[in-house]
Amino acid sequence: MRKTFAIAVAAALLGITPSGFAADKPAELKIGITTFSSGPASVFGVPGKAAAELLIDEWNKTGGIGGVPVRLFFVDEGAGTQALLAEYRRLVQEEKVAVMFASISSGNCQAVAPLAEDLKVLNYMWDCGTQRILEEGKFRYVYRPQSYGTPEMLSTVLYMLRKKPDLKTIAVVNQDYAWGRDSWQLFSTALKALKPDVKVVAELFPKLGAADFSTEISRLQALRPDVVLSTSWGGDLDTLVRQANQRGLMNQSLFVLPLAESSLERLGSDMPEGVIVGARGNNYFLNPEYKDKPEFKAFVDAFQKKTGAYPIYPVFHMAQSLSALRNAYEKAIKANGGQWPSHEQVADATKGVTAEAYSRPIMIREDGQGLADQLLGVSKRDPKYKFAIMDDMAVYPADKISTPVGKISIEWLKTIEPSMLNLQVSTFKHAM
Amino acid sequence: MTSDLLLIAALDGIAYAALVFLVAVGLTLIFGVLRVLNIAHGSFYALGAYVAASLGIGIAASKISPWLSYPALAVAAAIVGIVVGSAIERLLLQRIYDKEEVLQLLVTFAAFMILDNAQRLIWGVQPYFVATPLQLLGNVQIGGITYTVYQIIVLPAVALLVLAGMRLFLRRTVSGRVILAVAEDREAARAIGINVPRVYLWTFVIGSILASLGGSLASPTTSILPGMGTDMLVLSFAVAASAGLGRIEGAAITALLIGLGRSAAVYWAPELDVLVPYLIMTLVLLVKPQGLFGTLQARRI
Amino acid sequence: MGARNIVLLVTAAVLLAAVAWLLPWTRTFLVIAMSKGLAALGIVILLRAGQVSFGHAMFFAVSAYAAGFASRMLGGTDIAVMLAVGIAAAAVLSLVVGLFVVRYRQIFFGMLNLAFSMVLYSILEKFFEITGGSDGLRLSRPSMFGLVLQRNDFDLMLVFLSIALALGATLAVQVYFASSYGQALRAIKSNETRLEYIGVSARLVLLIGYVVSAVTGAIGGVLLAALQGLASPSFSYWIQSGEFVFIAILGGSAFPAGAFVGALVYEGVRIYAAAFANDIWELVLGLVIIGIILFAPRGLVGLAVETFASPRKREAVPDGSVPMTNAAPAKGSAEQ
Amino acid sequence: MTMPLLQVKDLSIRFGGIIAAEDVNLSVNPGENLAIIGPNGAGKTTFLNICTGYLSPVSGTVHFMGRDITRLAPRNITRLGIARAFQIPQLFLEQTVNENMLLAITARHTSLSTIRPLGTSAFRDEAADILSLLKVADFAARPAQELPEGTRKLVDIAIALALQPRLLLMDEPTSGVASSEKFAVMDVLVAALATRGVSSVFVEHDMEMVTRYANRVAVWNGGRVQKSGPPQDILDDPEVRRTVIGH
C-alpha cells in the first residue's frame, strides 16, 4: 500500500512540469507522430519515421514552419492500441503538442479520430487507408492529406481490366483484418459494377502475419484463376510472392498487388516480371513525372543515404502530410495577419490546402480527404537495379475515381458505369 | 477430384506438421526432464531462423558454393541451441528449479520477452528472406500442382530422421538412458550418482537445438520477422499438450493430426483454419487431460 | 480484515483519484492499470488455490465483447448496463469452462485454460462479420449512470469508477479469502486430498473461485473497452493472459491489493519505457520480473510488508487475513 | 446379530500384475477397534483407500451402515460418517492448525460461505477441546508446515475426530510420535472413541499397540485376509508369527 502511495506521489511530481502558455509564437512547434517501430507494420513505420526526421532536420535549418523550429515526438503503434491511446493523450495534454500525425493502422486511426476531436487537437491521418472514418463521421480536427482505399482499389480494377480485358475468374488472398476485408469489398464492388461477369472462385483470408501460404497456393493452383488479387503488405506479401513465384503460380495467374510498391526492393529478384503493382497514390521513387527534378532526386538520395533503402509510399505519405501542415500553417498565419495562429485556425486552414511533396499535388477536400492521383504499373527488370521496377505505368486522376463528398464508398461504387473504363489517363513507359 | 484434393491437402499438411513437430518435440523433451514448460521455446524458433538467414546471406555474399547453405541450417540451430540455450539454463533456470511452477513459467515468459526484444535490437524490424536452400532443389509436380522439393521431401525427411534419432538416442545410448532416468525419477537418479544438473543442461540444449532447427529449416520458406516465434510456441504447445507432455512419438502423431486438420480446413472451411489446432487441443484435453499418449500419476497417501 | 487495512486501501484509492483529478493525462493510464489490476486480481484468486491460468484473458475479452454487443444492439448504452452484461457473460462462460477445467490441476489446468482462450481468440479474430475480426468491435461512448458526458468528464468519471471498483473488488476478495470457501480455496493449494476427506468438494470450491476470478476480470474488460471504445481479440490473446499473471506476481500474489500495485508499476514501466526507451520496453519488463522472482518472490507488496512491518506485527496476525505467516514455501514431506 | 457398521464383500483390486486385494471379506462391528496387521506392501493402505472411495475396486462391494458406498467419492463417504487419518499426515500446510480444525468443523456443520469468516466461537472452542485431548493445543496458532512430524500425525487425527465420525480409519496412527508419548495419546484417544461411540480400524505394525488397543485383529497377507480374531489368538498363531511378525 505504501508502494502505491509512493507511486502516486512520484507520478504527481513527474506530472507537474511547468509549461506556461505560449500565446504568441511558441519556442518550438511540437508534432506527435504515431508509427510502428515494432511489429510487422514497422516495414512502413520505420521508413516513415526516417522520412519525418530527414525532412524536419532540413526544414529546421531554414526556419522550420513559419519561423518556428519543429520538434518531433514518436509513439510506437506496435505497443498496442491501449498504450497508443494513453501516450497520445499524454503528448497532447502534458507535452502540449500542436499537431498529431496518427496513424498507420486503420484500426488505430478509428480509435484516434474521435479522441482527437474530443481533445481538440489537429490530427493528420498520415498513412491509414480506411475510407470509413471521414465518410461516416464529421470532423473539424481530423484530415487525411494522402491517398485512401476507394481510389486505390478502383484504379487497380481499372488498370487490371486495361491489362486483361478478357478476365473470367479471380481469386483473392487478403490479410484477415479490416484493411484486407474492406479493400476486397471495395475492389469486388467496383469489379462487379465494371465487369459483372467475372467469377470469384476463392476468397482466402489467411491471418495477419501468416508465415506460410503453402496450402493457399496449392489450392490456387488447383483452381487456376485468371487473376490472383492480394492487397497484403509487408512480410505477408513478401512471403506470398516468393512462395507463389517459387511454385510457378505466378506464371499461371496474373497477380494484382496494389501495395507491392513497398515490397519491390525487399523482394529483389523474387518479384517476377508482369505483375500489376500499385503504390497507394502517386508515390514512386522513379515517378516518371518527377524523377528528373533536382529536389526529387535530392530527396531520394538523402533518404537512401540515411536509411540505405529507396523511399517507399509511407515515406511519401509522411512528406505529403508534413507539406500539407506547413502549407496550412502558412495559410493560417497569412489569414491571421502574420500572427501565430490558434490550433483551430490551423485546423480550419487545412481545408483546401494542397500538399506538394515529391508527387502530384494533393488537394484536401472540405470533408478532410486528400485527393491523390493513383500510379500503377507492371513489374519489369532493369539491370540498373537489383529489384523489379515499374513499366507501362498509368496515372489515374483522383477527382474522377474518388467517392464524392457526402457519399459512402460502397454505395457509390455500385453506381459507377463501365464507361469509366474509357477514362483518360496519362501513361508512361519506364525509361531504361 | 475430391481424392485429388485430399492428396493435395495431405501433402501441404505434412510439410507444415514437420516443422511444428520439430519445435514441439523440443518443448516436450524439456518438459519431460526439467518439468518446466518453457515459454521462451518459441524464441529459439525465431532465433534459429534469424541466424540461419544471416548465415545464408553471408554465404550468398561470399560467392562460395550455395550448397553450403544446407549445413548452415544445421550450424545455425547448433549455435543458437548451444549458446543461448546453455546461457538461459545456467543463468536463469538453474536458479528456479525449486520454485513454484507459476514462478518457473513466469521466468520463461520473461526470457521470452527479453529474447523477443533482442531479435528486434539485433536484426531490426524489416523482414528477412533467404530461400537459397529451397531454390537449389527446385520443384516437383504432383497431381497437377507444383510443390517445392524442399517442403515436400526435405522437411518431412528431417522430421522423420529427428524422430528416429531421438528414439535411438534415448533408448540405445548411455546419455539417452541417463536422460530418461532423470525424467522418470529425479531423486532416484540423483541417488544412483547421476549428475542431474548436467543432464538438465544437456536436455535443455538439445531441446533448444530442436526448436532452432525448426526455425532454421522454416527460414527458406517464410519471411523472418520479429515475433515469429509467438504463434509457433502456442502451436507446438498445442501439439505437445495434445500428445501428452513428455511424449515424443505422440508429438509426431499429433503434429500430423494438427497439420492435416489445418490444411483440410483451408480447403473445406477456410474460416476455421486458425481455429483447428486449438479446437483439437481443447477436445483432446477435455477427453484425456493427460493427452492422447500421456499417463496420469496417482498421488500417494 | 483489520480497520487499519481498510483505512490504508481507502487512502490509497483517494490518492489515486486525486492524481487523476489533478493530472488529466494520467487518466487513461489509471483506467488501464485498474482494469488490468482487476484481471490480475482474478489471477491472485486462482493462485490462492495454487493454480495458474494462462488463458484468463478470455474473461477479460468476453465481457468486453458482450458489453460491445449490448451497446451495439441497444444503439448506445449505459456503463451500468455494460458492466452487468459483461459480468453476466463472463460468469456464464466461466461456469461452463469452469465445469471442465476444475477437474484438472497445475500445468493441465493452465493448458486447458490456454486452449479455451485460444479458441475464443481465433473465433473473435476469424468471424469478421460478427466480431469485427482482428480490428475488434467498436463501441460508442456509454452514458455514465444516466449522465451523457463529454470525453473529458467521461474519462474523469471512468477513472473514479475504475478506482472505486478496484477498491470494492479488493475488499470483497479479502472478505472472500477470510471466509470458509476462501480458506477451502487456499486448502486446495496445500492438500486437496484432505479437503475431500473432510467432506468438501475441491472442484466446487475451485469452481466458485474460478467464477469469482472471472467476474473480477470481467469488470476490468468492460472498463478497458469503455475507455478505448473498442474490444479487440488481443484482449484474449495468450500474451495478455501472461501479462495478467506477470502483474499478479509483480505486485505480490498473496495480497489482493498487490494486483493493483503490480498493474500500476507494469503499465508505468511500459508507458515510460515506451516513451523514453522505445526499443527496449519488453527487455526492461522482462528483467524486472526476473529480478522480482529471484530476489523478492513475494512481490512488491511483500517487499513493502517485509520492509515496513515490525517483526512483532508479523507474528501477530496468524489467521490469514493478511497472510504473512507463510515462511519460505518449504515443500512439506507430506506432499508426495 | 446386529448389522455390521462396515461390511466388505468379495473385494478385489490389482495394480498391473500386483494383486492388492482378492476376494476379501471383512466387517467392522459397532464399538469395535479392529487392527489390521500384515507385511509391507500387502495392500492394507489400499484397503483403506477403497473403503473411503479413493480407489475403486475391480469387483466387490463396500457397505456402510447398510448402504452401498463402493463407488462414492471420498467427500460423500466422509459425510456419511467415515473419517480417516493418514499414514502420511494430510494437512493444509499453509494454514494454521486452528484453521485446519475450523475447516473440518465448518465442513461438518454447515454449508460453506463465501462471505462469513471461517469459524464461530463455538467452533473455536470445539477445536481447542480436540487439540488438547491429543495434547497438541500449544501448536494451534502455528502453520501446519512448521510442525514436527509426530505432531502432524496427531493433528491429522484431530482433524478426523473433528468430523465426529461413526467410524475412524487410521493408518499407523502413532508412527513418528515420540515413543514416550504414544501410549498416553492412544489411551486418551481410545477412551474418547469409546465415550463418543466411534468404532475404529487401524493399520498397525507395532504389536504392542495392537495388543493394548485392538479388540479384534485381521491379518492381511498377499491381498487376502489370512486370519481374523481376538488379538491374543492371532498373535499366538505360529503361522502369523512366521509370516507377519517375523519371529
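Read from first to last, the chains carry the letters A, B, C and D; within each, the first residue is number 1.
Just so we're on the same page, a contact is a pair of C-beta atoms (placed from the backbone, for glycine too) under 8 Å apart; a residue touches a chain by one contact, two chains touch by 3 or more.
Predicted, not measured: the structure shown is a model, and the values here were computed from it.
The set of chains in contact with subunit A as well as subunit B comprises C. Centroid analysis (C-alpha atoms only) places A farthest from subunit D.
Once CA atoms are averaged chain by chain and compared with the all-protein CA average, the nearest chain turns out to be C.
Centre-to-centre separation between subunit B and subunit D, using Cα means, comes to 49 Å. Work out the mean CA point of subunit A and of subunit C, and you get 38 Å between them. Distance between subunit A and subunit D, defined via averaged C-alpha coordinates, is recorded as 76 Å. Chain centres here are Cα averages; for subunit C and subunit D they lie 42 Å apart. The set of subunit C residues that touch two or more partner chains comprises 125-126, 193, 279, 281, 336. Residue numbers of subunit B whose C-beta contacts span two or more other chains: 120, 271, 274, 300-301.
Multi-chain contact residues of subunit A (touching two or more other chains): 37-38, 205, 207. Those residues of subunit A that touch subunit C in the complex are listed here as 1-5, 7-8, 11-12, 15-16, 37-38, 74-76, 79-83, 85-87, 89-90, 92-94, 106-107, 110-111, 114-115, 118-119, 176-178, 181, 205, 207-208.
Per the touch definition, subunit C reaches subunit D in the complex via residues 175-176, 178-184, 186-187, 189-191, 193-201, 205, 208, 212, 318-320, 323, 325-327, 330, 332-336.
Every residue of subunit C that touches subunit B in the complex is listed here, in rising order: 47, 50, 52, 54, 100, 103-104, 106-108, 110-112, 114-116, 118-119, 122-123, 125-127, 193, 238-239, 242, 245-246, 249, 253, 279-283, 285-287, 289-290, 293-294, 297, 329, 331, 336. Of all residues in subunit B, only 4-5, 8-9, 11-13, 15-16, 120, 124-127, 129, 131, 134-135, 139, 144-148, 151, 218, 221-223, 225-228, 231, 262-263, 266-267, 270-271, 273-274 touch subunit A in the complex they form. In the complex of the two chains, the subunit A residues touching subunit B come out as 36-40, 42-43, 45-46, 203-207, 209, 211-212, 214-216, 218-219, 221-222, 234-236, 238-239, 242-243, 246-249, 266-267, 270.
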